[in-house]
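Attaching a single structure in structure tokens format; questions to follow.
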Amino acid sequence: MTLKVALLGAGRIGKVHAKAVASTDGVELVAVADAFADAAAAIADKHGARVQSTAAIEDNADVDAVIICTPTDTHADLIEAFARSGKAVFCEKPIDLSVERVKTCLAVVERTGAVLMLGFNRRFDPHFQAVHAAIQKGRIGTVEMVQIVSRDPGPPPADYIKSSGGIFRDMTIHDFDMARYLLGEEIETVLATGSNLVDPQIGTLGDYDSVSVVLMTATGKHCTISNSRRATYGYDQRIEVLGSRGAISAENQRPVSIELATADGFQRPPLHDFFMTRYTEAYAAEIAAFVEAVAAGTEPSPGGDDGLNALLLAEAALKSVHEKRAVPMSEFA
Amino acid sequence: MTLKVALLGAGRIGKVHAKAVASTDGVELVAVADAFADAAAAIADKHGARVQSTAAIEDNADVDAVIICTPTDTHADLIEAFARSGKAVFCEKPIDLSVERVKTCLAVVERTGAVLMLGFNRRFDPHFQAVHAAIQKGRIGTVEMVQIVSRDPGPPPADYIKSSGGIFRDMTIHDFDMARYLLGEEIETVLATGSNLVDPQIGTLGDYDSVSVVLMTATGKHCTISNSRRATYGYDQRIEVLGSRGAISAENQRPVSIELATADGFQRPPLHDFFMTRYTEAYAAEIAAFVEAVAAGTEPSPGGDDGLNALLLAEAALKSVHEKRAVPMSEFA
Amino acid sequence: MTLKVALLGAGRIGKVHAKAVASTDGVELVAVADAFADAAAAIADKHGARVQSTAAIEDNADVDAVIICTPTDTHADLIEAFARSGKAVFCEKPIDLSVERVKTCLAVVERTGAVLMLGFNRRFDPHFQAVHAAIQKGRIGTVEMVQIVSRDPGPPPADYIKSSGGIFRDMTIHDFDMARYLLGEEIETVLATGSNLVDPQIGTLGDYDSVSVVLMTATGKHCTISNSRRATYGYDQRIEVLGSRGAISAENQRPVSIELATADGFQRPPLHDFFMTRYTEAYAAEIAAFVEAVAAGTEPSPGGDDGLNALLLAEAALKSVHEKRAVPMSEFA
Amino acid sequence: MTLKVALLGAGRIGKVHAKAVASTDGVELVAVADAFADAAAAIADKHGARVQSTAAIEDNADVDAVIICTPTDTHADLIEAFARSGKAVFCEKPIDLSVERVKTCLAVVERTGAVLMLGFNRRFDPHFQAVHAAIQKGRIGTVEMVQIVSRDPGPPPADYIKSSGGIFRDMTIHDFDMARYLLGEEIETVLATGSNLVDPQIGTLGDYDSVSVVLMTATGKHCTISNSRRATYGYDQRIEVLGSRGAISAENQRPVSIELATADGFQRPPLHDFFMTRYTEAYAAEIAAFVEAVAAGTEPSPGGDDGLNALLLAEAALKSVHEKRAVPMSEFA
């Protein structure tokens, strides 16, 4: 049996997901919707699907599931609409930048019993997955301290910053999710600092470009997160986990692994410079996981609650910076 | 304009090439031929092509090019047949295990003016390509000494050995081609030793499982090659090149790049255990290069002469082992 | 001209410093004092020095400088005594666990105009020095974010913990000094968390065994510090610094750099398991720096103020954990 | 009991050995001889020894052992003289450049029953020793193929080349000894090539600057050696050993292990640029091993036969280059 999916949003990430669908067994792209008809048609033609409006897809009995890649401010509405029309939903993170809106949306999902998976793609990176698997197998004993370093190659344009919800909701949110995934228990307290070292305009917009965060769980496990909007050497994405019996880490990925040795020393090329090339395998693997879960009738992971929890951690981090104190998550209960 | 290709041979490597075609722009799979109809049908169905006999494909005006993935002993006949029918030909290495047969085949290719590309896939590995590119850019000055280490995870079954032509024609041939690619000039002298350290049955069949080769060019550049049929830690594929101004190397590839640290030390997982996962990107890139060359009307590389030259080096290496002397390539002129 | 030094304290670290003196040009060990006469005699005999009481050394006109390696609670008294007797003083960190006592001691040092160098040995590790030198040369542009990971191979005995002053004053103090050294400006705010994950007895004693700290300077530079009393894989000592133009890091040191590859993967031996073997070169280099500064009549670095500042950061970190807030250093002015 | 040694030769390597003696327990430097009295005095003064003539040292009943660091052409005579006077002898390699002279010298050593250790320092490098130890412990199963890469930072001056005996006797000889040490059985056949790629003057002097060698034992184990007189990135010294159950390797040593990451990529400093800084620990360890063997009355290793065997391999390699054939060691029996 083949799962029939529709793609909502034919932009950059939409193309990536369409390609992932094409290379995955047991799934077929049948419809594409986008405000720009040409963009929708380009993807539809390449993969033998047809262009339809969002409304038509809702009514299309031939569609089992949708992949939502539209702008963030449409996510919650679309999730609700397709939950109500009985389709399984894969949605790019975040559900919404407002905690209240996320909660009302998830209430609809719960009422309708709809299947919802959220696109925290990094959980599907093979290297991070191998770290997680080693933890699960007890290779490092009990998890104690997680270190996450996550830095973009360069700052985004001001327009992006304006609608991003700020660095904690836009960038650190991936690390908040990763921290929860690796720590294996919920965060109890959040400490954070933020400053502007990269681009003064980001500060003018009320946002930070350099943040350090410490998370702590009820049992005393720690996670430190270091984010910067600029790493000249490429997309810096590392995690390491210390446990009672050892440590495990995932190093950075490189487009080519060569080394040049000269009188100046030993030189390797920079890291990937773009999240899409860095996480190519992760994007394909998350779609495969979605397809598998829907086919098997199991609950896909990460789900709506993971989206909400990561967003609440972003809220707490922002509060910690503003109020210069350790913020207990109980304030968000 | 889209290039229309037919696939001859629907086995393991045929599937890899079909997938490469599907992910490459400007090319479409239109026909598949295989002695096993089911195997041909499986690939054809998946990619929207149809099953045809080899003879029918020869006559199919809709086919621009063929990809030959059939058993080695059919390569030369098929190259000749499709060269005569005016199709561009991509053929898995080797053309044939007999130097004489290769020469008569290449004579047909030359007479017909057919386009022929040979599947020395390693030239398209992104890491080895980056090494080659650095050399071309003069980053290490003049090339002086090349070191190639190439080891299989484990020995093949006896049946494979019997029809392989021996380790030099079957395994070292890739390294001979790589040596020519990196040295940038022809080999003048070959020294080789061989022994049986891995599997006594290989020796019984008159073949070696462990060989060391030294190649030298007219200007005194060296290349050493170290081959073994067994490396318990995975598919060991490394090259390094010393030049007058520095050195450049490509390290081994790993499925995941994690590291576990415990009281026993620091441990990384084994290498890839299969050439197809190790060279996934190379297989896709060589098909893209073939498509690009045919589309542009340029001569694809590596071509028939590269196949012949690598085979002659294998002959010389075998002669060197048998006669315990440095064998000049002039003996094969 | 040869500098004549006396060694106060003939224990483990005293032996290390005696050996450093013996291998350094321009300095000679002339006297050794220790409450245990045998320990003093063993070092004195080996290096051609004589055993004397502390009082006798104070009066010994032949002694130019002293190296203080006695227990922590004697440091401040000895510094004052030898400052008054006009000897140059090298003292193991810390001056004292009490901020007040450190201040009165430094007042004496200032009044007497004595030369005082403090044994923050890590500043003299060749790898960390190379990191510092690269920063000074502008290789990474402006420093923005420092990450320090510092973990002991295993927890010390309870008796040690009792008199240690707690993890921030005993262990993190090295990292506070390193942070100041690398950030190049003073810390303005301290955030810290602590928990007990390694040894419950440490918690019973009112101390922590796992701490995470975030430091921030007035210009918004960050430093994160991750400490644990247990790393099964050895003495984990890493620093990395992100700057506006790049990053620089120093990796862990290993007793041997070999790698074993088997079917289980690639394995390297554990790190050093002891701070003395890890920092062998640093101990020798700090004594050489002390000798050089005294000989040249320049002020040695790190000095008394560096000791005080690191201790104040430890106080602030403890306060941050207790009061669950960001602690401004202005509270310690 | 303390071993009393005399140093013959107060040059560069003599100073290194004097320092090694000073840092080793159970040994004391008592006399130094050198044609240049000032050089001898400098070392003698620093370490509390006295200057004596070689003849006087022969007669000095207080001297138990000698360390010979004089020019190569004096080695054999000195070994014989001190063997006859009953001193234990440590001699820098080689015994002599002439096989005949080495044989007559070793005959004297045998007749006198003298203790002789030869300075193949690389056997005492802690990293290479760890490789050897892992092999002995069976960590890689049966040894099959050894790869040695050994390259100097730059070519020596013409005067050095003239009296060096040629690259095989001067440089590769270390690798021949290492091959024997690691293979654990004698070499049966030698294949070699040589060329001039670095410095044409070396060719004018009848020597090579770039050589590749393949050694094979009776049981079919291989060793490849790659030598060049120039590696712009530093002193390149690597070994790796493939066995039936795995492989083990020792990587290059670096003065500092830092890494700079910028938009140009990741850069580490060059390797050591001098054999004395690269092999500092090895020089100290070989003297310690000599002292230990003499004290224990056991035969030190490597001994005279190791020196002879390495020299014979150099002869065979030269013959292989000249006669363009595999040379069996039986020709040197």
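Side notes on the structure shown:
As written, the chains take the letters A, B, C and D, and residue 1 is the first residue of each chain.
Here is the rule we use: a contact is a pair of C-beta atoms (placed from the backbone, for glycine too) under 8 Å apart; a residue touches a chain by one contact, two chains touch by 3 or more.
Everything numeric here is computed off the predicted structure, so don't read it as measured data.
On a Cα centroid basis, the chain most remote from subunit A in this structure is D.
Compared on C-beta pairs in contact, A-C and C-D come out with A-C as the pair having more. Spacing of subunit C relative to subunit D, judged by their CA centroids, is 40 angstrom. As a whole-number value, the distance joining the C-alpha centres of subunit A and subunit D reads 57 Å.
Multi-chain contact residues of subunit B, defined as those touching 2 or more other chains: 231-233, 245-247, 261-263, 269.
Across the interface of their complex, subunit B is touched by residues 142, 144-145, 147, 149, 151, 189, 191, 193, 195-198, 210, 212, 214, 216, 220-222, 224, 226, 228, 230-233, 236, 242, 244-247, 324-326 of subunit D. Interface of subunit D with subunit A (complex): residues 231-233, 261-270. Taken together, the subunit B residues at the contact with subunit A in this complex read 22-23, 48, 126-127, 130-131, 134, 139-140, 245-251, 253, 255-263, 269.
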